[in-house]
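The following pair of complexes shares a single chain, subunit A, combined with subunit B in the former and subunit C in the latter.
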Partner chain A sequence: MAQISAKAPQANASQGHHTSRVLARRETISAYLFMLPSLLFFVGFVLVPMGMCLVYSFLDMGIDTSAATFAGFANYIEMFQDETFIRSLWNTVLIVVVSVPVVTAFSLWVGSAIYPMHSKMRSFFRCVFYLPVVTGSVAVTVVWKWMFNPYNGLLNQIFGTVGFDWLGDTRTAIWCIIMILFTTSIGQPIVLYVAALGNVDRSLEEAAAIDGATRLQIFWKIKWPQIMPTTLYVLVITTINSFQCFALIQLLTRGGPLGSTSTLMYYIFDMAYNYQRFGYANAMGVVLAIFIAIFSAIQFKVAQTDNG
Partner chain B sequence: MKKRAISRRDFLKVTGAVSAAGLLAACGGSNSSSTAASTAGSTAASTASGDGVSISLWTYPIGSWGGTESKLDDIIAAFNEVHPEITVTYETLDYQNGDNLVTSAITAKETPDIIMEGPERLVSNWGVNNLMVDLSDLWASTKDDIAAVSESVVSACQLDGAYYEYPLCMTTHCMAINYEVFEQAGALQYLDEDTRTWTTDNFVKAMETIRDSGLAAVPGIIYCGGQGGDQGTRALVNNLYSGTYTNPEHTEYTINSPENVKALELLKSMVDNRSLNANAGFQASDELQQFANGTAAVTFCWNASNKAQYASQVTFTPYAMAFPSDDDVPELCGGIWGFGIFDSGDDARIQAAKTFIQFVCDDENQAAESVRLTGFFPVKESLGDVYEGTDQAEQMGEFASLMPYLGDYYNVTPNWTAQRQNWFNMLQEIMVNGTPAQEAADAFVAASNP
Partner chain C sequence: MSKKTKSSLDGQSRGYKIFVIIVLALLAVFFIFPLYWILTGSLKDAITINAQKPQWFPLNPTLDNYVRLFKQPAIQWLLNTIIIAVAAMALTCITAALAGYALAKKRFFGQTVLFSLLVCAMALPKQVIVIPLLQEMSALGLNNNLLAVILPTVGWPFGIFLMKQFSETIPTEMLEAARIDGASEVRTFVSIVFPMVKPGVGALAIFTFVNTWNDYFLQLIMLQKREVLTISTGIARLQGEVSSDFGLIMAGAALAAVPIVAVFLMFQKYFTQGITMGAVKG
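On to the complex of A and B.
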């Protein structure tokens, strides 16, 4: 009887363990089913194209894809001997290095400035700064193109420099692109920062204030650590967007003058569609992906937090 | 009877499975047949349905064959009165992104059946890459008729004996002046209004006169950006000192010849003394807009189609002129437009596409109207003056007077697509960067020659 009573809990435990395993398996299957649609999208529209890009980068392939021949590493070797590629790489890095910190700092400043405002004013400013994001790059570009027009443009009328070609001068063209990119990039970070500041623990701020902390100390010691995950996200997203800056260049300067606004993204397009060198363009795509991965990894490392 | 309840988990599983199945179906595409209606915006997909055949047509903005006021619905309706068994869908392209769309379609194997443009694309780009159908059978009965107007048209549409384009119309690209500004500035004395020609020396004097008069914000703009409208600046450079763009065999580019380099140096000196401006950020459309605004006194990118497009904007008389030349014998760049068929491997669709092309180009009731809708001139002698007795007659007479200046059609030279990009890079080097003309022209030739 004692034996029987001793086995019963064991059997129950075994049955319970079996039941929990079945439950776990069911939960796992359900979870995978939920993931399946996005997984299929990810495989179909990210992994497979990446694989194809890698394979094509080793081919000498033009518009007649059936005539493609294996080129080994020739595309990669040519890339680093190509002055326009080097120029485009430099321009891309310049855009990233200038635009990422400026966008992040400005967004944080604006977010901090409008967060304490009345909710209606806060919404108004969020709308104002978000407007260029939802307007669409084509419409934004058309307006800027008119403003930069050498003969009838607003900027030259204001500065009294009629005839000066902002987008046609190698000294100013890239800065014009960076400025427009700035206006279209700050909307989302500002909205994110306003939301993040709303989640900062008020009691900690109040306690610090009672202890005599200055506003600057409260910001750096209390708020900054708590909005760090948002900052990391803003840094990564802005970096990727800056690396992939394309529409503005395609619509405004087409990489000119003399390649001064050509970026890696635009040069890839130029090689693929204007020069119809698909193998070479794919090789540059691979290199661009590697650069973005490296930059993102550095940012994750630098901005690493305990919870982020 | 016990009613079986569906648990939340079962519901979620089924939902997940259905979503996945739907996604797979969406990604997998469809091979089902369908008969598309004759409406704009269709894709290249066209399938046989019953006894009928559905084909697709893509057109660049060639007069009313494309653009915002396309008359393609009328053309297709006229075609369907004769051939109701063939359904034609169409899509209009623009010159900014059209080539990119076609390249994407080629790589995705989603090309249209018929495409309308010129030999520089149909023959030199897509034909040479074995993507087009040989249209020799269409040419068999009309070759002499076309050759009677211009042998250049015949040679431009073929490559190694295979005809990849069946032409509909042609024109000469020219330049235009703001007649009133020239008149008020006293610059009309430098041009021959009877022949619409001027010498290089007189062109220089005229532009300096316009500059000194201050009647236009800028005498003229050399646009150095973009990819389209290159025929204007090419013809300007070639004519100034009678240079050529390619060798007679159309196998090599010759822009680094002494005549062309001298012309480039002259233009640079005019930019330096402000009798011309050079804008690296300007495309041909930007320059045309400045001409239409009255900001610039001349445009280097003019033809009948552009005149019609900007007619509602100009408040002056745009006066078509040949490009200036040292010997007073201009050679203008020609434009040829017609149809090609992408090789889909489907004989029924290819045959239907040929039927459509023959209808719009050769049908005795339709051909003249097809040409009129382009705003250009017929390539066939038998069509005669298609504008006679129409309200377009006066305007077209202006451009018809320039047709005798039609020069060599060299747009079939290999590497044509890439050289267009190189051309603008070269102009930027010389006009904006100050690179010596010879050096920049040599670099262009090295980069462009096959």
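On to the complex of A and C.
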């Protein structure tokens, strides 16, 4: 009797276990069926090229892929002896180091300035600052190219400096690029900050205000910690975008004058597209990805310690 | 009382408020100006454009630049761009809605790994994989084929991520109830999940459309023949060929920018929703 009663629940349990396993398996199969179309595209056109990028970076490969030979780390070694690469790396780092903090701080300021406004005004400004992004990098770039033109460009006409070649001067070219990049970078962060500030706990703010906290105190002690995840996200996306700065360079300066505006992404394009050195270009792509990973990791670290 | 609290909260000094308004207004002019200069520039004749003194408003507008633009295959370029953007949008929305729902509402083997993989991929520079993609597309025989731009756009995991965020708002009880009623998986998706994530699909649709329209790098690498160019790469090509014909180039820029800006303004609400929901929290 005791034996039977001891067995019965055991059998029950194992049967229950069995059905739950069947259910779990069915759930897994149906989940993968739902994801199948996405995964096909993701694996085929994101993961596979990523793998190819890594593999090709160890090959000496030109336009004829069947003639590729194994090169070991030769591409990686060549890179750090290649003056243009070093130059492009420094230019890229300069762009990132200048534009990321400026974009983040500026969009935070605009975000805090417009979020208390009437909703019509708020969407107006949000739209205006997003406009250069929507207009598209090519349209924005060609009009700036005209405005920078030494002879019929608007800037020289305004400043009375007709003949000055903004994009042809090693001192000014990269700053022109950074300025245009800035106008195409702040749209998204502003949208994010306006949304984040709208989610800040209003009661905490009011309590602090009643206790006599100043606006600046309220901002740093109450709002800043609450919008920290957004700040981190803004830092990371701005870093990724600044590292990938390409269209502006290709259309405005082609890396010149004297390599003063060449960026990593532009140099990768140049090597692959104009010189057909696919192995070398892919190796630089791997290095660019590593740099972005390092910069993002540093930002996470700093943001975490900053947050307490 | 509450009014008083509010005013003390928003109680910046009057001077600061005026300062903010002035700065924002100046910035607004600065941000709108390039588009204004494209539109007005496209209506100016060669003499006005090359004059030493800027003409702030086209006093004798001409459509000559557009006439010359349409002698290029500009309509074909516009059409190619629309085909790419619409196809990428439709495919992305369908695949991402399905996958996002599975990731948000199902518990399955390999879930955590798969999700981390998607997030990691998104943190990588998108442009870097375009070079090997070119070789992959050549191997598939898709050189100078619009599919070479459409397929990788659909593969980018942002859409899955966005739809996962939206799908998480579906109450699990509703899905349970459907299952108890014996509804099939497909039926549950079509009649319960999809209607609930519709705003998300709208946001993703407009977001994908605008970004695909403007994805210059991918288009530049994949499409070379003149007749398969998009409006962006077409204008860039024109600029390379006739770099001093600013009237023609501005007409091209206007043709590239006006449709997409119009779409953006019409669906602005969904667009901003897409940006905010797609943000990785924490």
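In this section, the second predicted complex is superposed on the first by the 262 of 308 C-alpha atoms of A that agree within 3 Å, B and C clash if a C-alpha of one lies under 4 Å from a C-alpha of the other, contacts with A are read in each partner's own complex, and residues count from 1 in each chain.
Convention: contacts are C-beta pairs under 8 Å (C-beta built on N, C-alpha and C of every residue); 3 or more make two chains touch, one makes a residue touch a chain.
As the structure is a computational prediction, the values presented were derived from the model and not from experiment.
> Touching A:I222, do we find subunit B (first), subunit C (second), both, or neither?
In the superposition, A:I222 touches no partner, neither subunit B nor subunit C.
> A:L108 in the overlay: touching subunit B, subunit C, both, or neither? Say first, second, both or neither.
neither
> For A:L258, decide between first (touching subunit B), second (touching subunit C), both and neither.
Once the two structures are laid over each other on A, A:L258 reaches subunit B alone.
> Please work out whether A:M79 is in contact with subunit B alone, subunit C alone, both, or neither, and reply first, second, both or neither.
neither
> For A:Y275 in the superposed arrangement: first (subunit B), second (subunit C), both or neither?
first
> Touch test for A:D64: subunit B only (first), subunit C only (second), both, or neither?
Only subunit B is touched by A:D64; subunit C is not.
> Just checking: does A:L197 make contact with subunit B only, subunit C only, both, or neither of them? Give me first, second, both or neither.
Neither partner.
> Identify the partner contact of A:F34: answer first if only subunit B is touched, second if only subunit C is, both if each is, neither if none is.
A:F34 sits against subunit B and subunit C alike.
> Can you tell me whether subunit B or subunit C touches more residues on subunit A?
So, of the two partners, C touches more residues of subunit A.
> Please indicate which partner A:T170 is in contact with in the superposed arrangement: first for subunit B, second for subunit C, both, or neither.
first
> Report, in rising order, the residues of subunit A that make contact with subunit B in one complex and with subunit C in the other.
Touching subunit B and subunit C on subunit A: residues 30, 33-34, 37, 41, 44, 65, 149, 151-152, 162, 272-273, 278.
> Which part of subunit A faces subunit B closely enough to touch in the complex?
Per the stated touch rule, the residues are 26, 29-30, 33-34, 36-37, 40-41, 44, 62-67, 148-152, 162-163, 165-170, 173, 252-254, 256-258, 270, 272-276, 278.
> Which residues of subunit B touch subunit A in the complex?
9, 12-13, 16-17, 19-20, 23-24, 27, 99-100, 103, 106-107, 125-126, 129-131, 217-218, 224-227, 277, 279-283, 286, 290, 293, 295, 417-418, 421, 424-425, 428-429, 432-433
> What residues of subunit A sit close enough to touch subunit C in their complex?
The contact residues of subunit A facing subunit C are 24, 27-28, 30-35, 37-39, 41-42, 44-50, 52-53, 56, 65, 110, 113-114, 116, 123, 125-140, 142-147, 149, 151-152, 154, 157-158, 162, 183, 188, 191-192, 195, 205-206, 209-210, 215, 218, 229-230, 233, 236, 240, 243-244, 246-247, 250-251, 265, 268-269, 272-273, 278, 281-282, 285-286, 288-289, 292-293, 296.
> Can you name the residues of subunit C that touch subunit A in the complex?
It comes out as residues 5, 8-12, 20, 24, 27-28, 30-32, 34-35, 37-38, 41, 49-54, 91, 94-96, 98-99, 101-103, 106-111, 114, 118, 121, 123-136, 151-152, 154-157, 159-160, 185, 189, 210, 213-214, 216-217, 220-221, 232-233, 235-236, 239, 246, 249-250, 252-254, 256-257, 260-261, 264-265, 268, 272, 275-276, 279-282.
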